[in-house]
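These notes concern the structure reproduced below.
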């Protein structure tokens, strides 16, 4: 009944290729089905003004989409002169989510910027960006620990994200674009490897949902995140 | 134990003064404690390009904050040359939320723009904006129905929003600024008068939460929204 | 003969509600007929670079209009990405006018920013902004004097502003919007409580005027400013 | 007593070289002492949307200053990404002033854009721009009349502008930069060839002035404008 | 003597992977050594206003660099609010170069936009973008010919580009980043498969060069372009 | 056969009027036929951050065009909010070219900004800007040497630029606008007084060219630059 023929609770195929670019301190190309996101992590010694001198670290994120990542070419944000509302919303979410899994004292006064650039989009780009972004962050932190710049591991728990939603009246896991564009309700669930919640966003465009449905979507999400965390572990071992 | 002395499940005082400005088709000044938001609804015959000719209506929202609505003066967005990420995120939320309560066929091919401008801020401005925005929308639609431009009521169910969160380890309803700035977890719940969910956003900055806590916060939100809907009904009777 | 039925030299009703918002060091909502402007004064320790270290203070102003303050909704300047020419022109005028009544040595090296935001417009918003802006400034300076940060009063003379113009061939005081949009000549007069001139702007759009008419408009303005200064004094006593 | 040795009521030397550039329908380089402004008039068939179909013409103006027109290099507005407040204020003034001398019915539904670019600045650039701008406009209209596109002369009365102010306690005509930067009060007077007023702007930065002083400055201005109009007539004969 | 150990006239390894993304009408990932550029071609029915109705086609290009494509993270152009001068210069070059190989009558009134996004940079990104951009263009045109939308092949001759320069006093082919940053003179040569020149840019930063040196660099470039054209043919066969 | 009646290798008339504006440390109005460019040089003590403390000087350039320098009025870049791609490309070229003739050690840690503003355009504005820009630079450096701020002359060799191209199948020198808009191939050659090359840009819009043609265009350019350098020497003697 799903356009892709998947079961209701079946994720798309996930692959994570680490070291996709050579300059970044950490990088990977994550593929969740036909959604491909390049994630890089950059370590810098400077921190934002509001924590200067605090001894605390910072993790932030930026998100972009190549103009022809989508079915129809979108105008390049650099040429239109500003990041759209959707971009801003997503990159703030990625940053908040990744920070939730970081011990900022252990990280020390430095900043890690995670860039997530969508090479090809087929639904769920923000979730793939968070899941792949954590891998890039993990690899960058590994480098800091190898050099001894960081002693105690600041990444206390993996962070991954997945979507679920009501499609054609049924709760389904990991919506692809054809599902996403038709779904009455969709949610994004950002969770830790130990099953804690970091952020939940459920939204109904021109529709409503019940607490019971909310529970079903959460059940699916827990299953999906567990699979993603396993993929992260495999990639960064 | 709350800075304001309120009980854990106690809302701040709510007042809604309708007709606060004379030009708008609908307007109100909503006060939720010391958070004061001016909401106006403007009816226009044009609709966005993507629904032109569809016969469907559109509801959209914009959000702003006066520079000295806050404790410290913020730079005016008009002078800094763009709306910040937070502004964009909030106004998209308001628009989506209000649309969820609208029968766009009944509204007919016209657009209603709801402007929410924060006169004074003390936490929870986005929730006050949604709750007050719906009142402005209600009043504007009443005008359309009085003139016969709209025949069947397109506002199928009231829409209101409230926050809850974990403050000092306890779930509390309707966070004010001192609570909001200290809360480990906070959520915004947008619901209908009949208790359905439109949007749920729960977020932990540098922290995590459990499904059980999520349930407690939802319980509080249901109580708060019921009180807000009663205030909306009283104001627009 | 005036649309409002007022006499040629009759001002609209004026009210000034002080303390309209709680965060600002000084604030008021001034109403001149149906023109309502919220004015707030913010004290900051920093001054613009060009007077740093001079020991002199600075007073500046910003002006904005809520999108639906007017009969037809105007695009939000924050969303269009810049302040329009009219906004820039008006806020520079407000700043210059208020500074004319300030002893900048007595103020000391600090800056006061006066924000004037039009809640509802019906002609004469720049004059109401100056008159109300001075009240906000007065209240903020009072606070500085109460704490002893400022010893000698830097506000040497009140500042107020009023318009007059030629409407239907007759000189009239305090133009409302229906008059303003039809007037062949209109002027804005910024004066002190002691009757001195700070700024005079008289302008004929597609028309011309004589020195004799200029004198008549000034006579009206002197009467209007005297009434406004009385209202300022009453409000800040 | 004036830095330049001029009498109190003495203008700087004025020269107007017409046809300074070959492409524009009208152009001149006006020199008022060391203030040099290049003015060009461009005729276009399109008019602004708000008068489309009205049969009325439009005259508008833009103003710019080359980066090193001034003693210290100013940042190029094209590179800083926007026109400053002073630029916007001045170009609106030029446009309003020139329109006051135009019979827009006689002009017919077309637009003339007058560009005023300051090549070298020494005080009084806005007045020189208006005076020279009218010459460019005159030449462009002459072309329209020669071709028969316009039959009845739409330029009913010349428009010229001059400054006067209180310098070192004395009223002086046509302030140059050393005077302008020290003057307590300065005014710009835009008048017609027949001695009518179009716009009066008098302003005291950190000072005040009386009605009597206002009269003295107006007297000076009337003398100056008469001389400028004579120079315009000589240049466009 | 070259940092990479290459001979003076030796290109880096070149690979072209076609079909790298699924949505674009043509796409490839071109690798010239460690410089990796993703090129996509998008076919649209609209053309720029200046050729509307002419029956002629248009080819244009945009260029971007991911923030961490370089050794040090660069600010994202979308977030800084505009494309830098270097970006603008490069994308205009790519567009001009590709158009030189296109019969715009045969293409018909449609536009192909070639997006070149640098995934990893190690010198010579503009040349790689042109060479890979032509491949994406070739693939998109193939699609148009397969569907019969285009009958006669508009790609009259392949287009490819290579750099050469004076490094450590010696003429070398295909500069990588360590060479490029030290070279006294560097040139970019855009040529056709049949050995004709489309664009030559030779530039000495803080240095000069002779006509004889210019000839040597051209000789190297001819060799390099021949190899690149062979790689293009192999990839698009 | 050329529209202007010139011989194939004949330059337009060149005149250079130095001291055109009084404030700049160096200035000239260069006229190459009907192309008129005002060039000013500004000396500042600050240098760009990347050479601060290095003891080296910097020369940079900005380029602009007055709105009616061209046959049709162009939108003012200050009002459109950014410099177009063509402007950016040209001003980067001017800066690079002038720097090539400067001994930055001899100049000392200061910056000279050369502003080139096109008053009237008829083809070849970038070449006129470089040739005139060098004259303004020469005059400014003369001032530094007269005051003793600079001891050894940092201008090692004059810099001038000229265009040549293939027009109607023939190589011609110094293209004017009618030729430039029809030319299949055009090149800009920036050279030193001693005949060395600084930058060569040859470009074919929708066409191609051979190495033999390239040589012919270079021959013409060498002749043109020699004449321009003579004019520079005459003007700055």
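As written, the chains take the letters A, B, C, D, E and F, and residue 1 is the first residue of each chain.
By our rule, contacts are C-beta pairs under 8 Å (C-beta built on N, C-alpha and C of every residue); 3 or more make two chains touch, one makes a residue touch a chain.
The structure presented is a predicted model; accordingly, all values stated were derived computationally and were not measured.
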With touch defined as above, tell me whether chain B and chain C contact each other through largely the same residue numbers, more than half shared, or through different ones.
same
Please indicate which chain is farthest from chain B, where distance is taken between mean Cα coordinates of the chains.
F
Measuring from the mean C-alpha position of chain B to the mean C-alpha position of chain F, what distance in angstrom results?
59
Euclidean distance of C-alpha centroids - chain B vs chain D, Å:
51
Cα centroid separation, chain C vs chain D, in Å, comes to 28
Chain C residues touching 2+ other chains are 81-82
From chain A, heading first to chain E, what order do the chains fall in as you go round?
A, E, F, D, C, B
Contact residues on chain B for chain C in the complex?
21-24, 27, 34, 36, 38, 40, 42, 44, 62, 64, 66-71, 73, 76-79, 81-83, 87, 113, 115, 117, 119-121
Residue numbers of chain E touching chain F in their complex, please.
82, 85, 88-89, 91-92, 96, 99-100, 102, 104, 157, 187, 192, 196-211, 214, 218
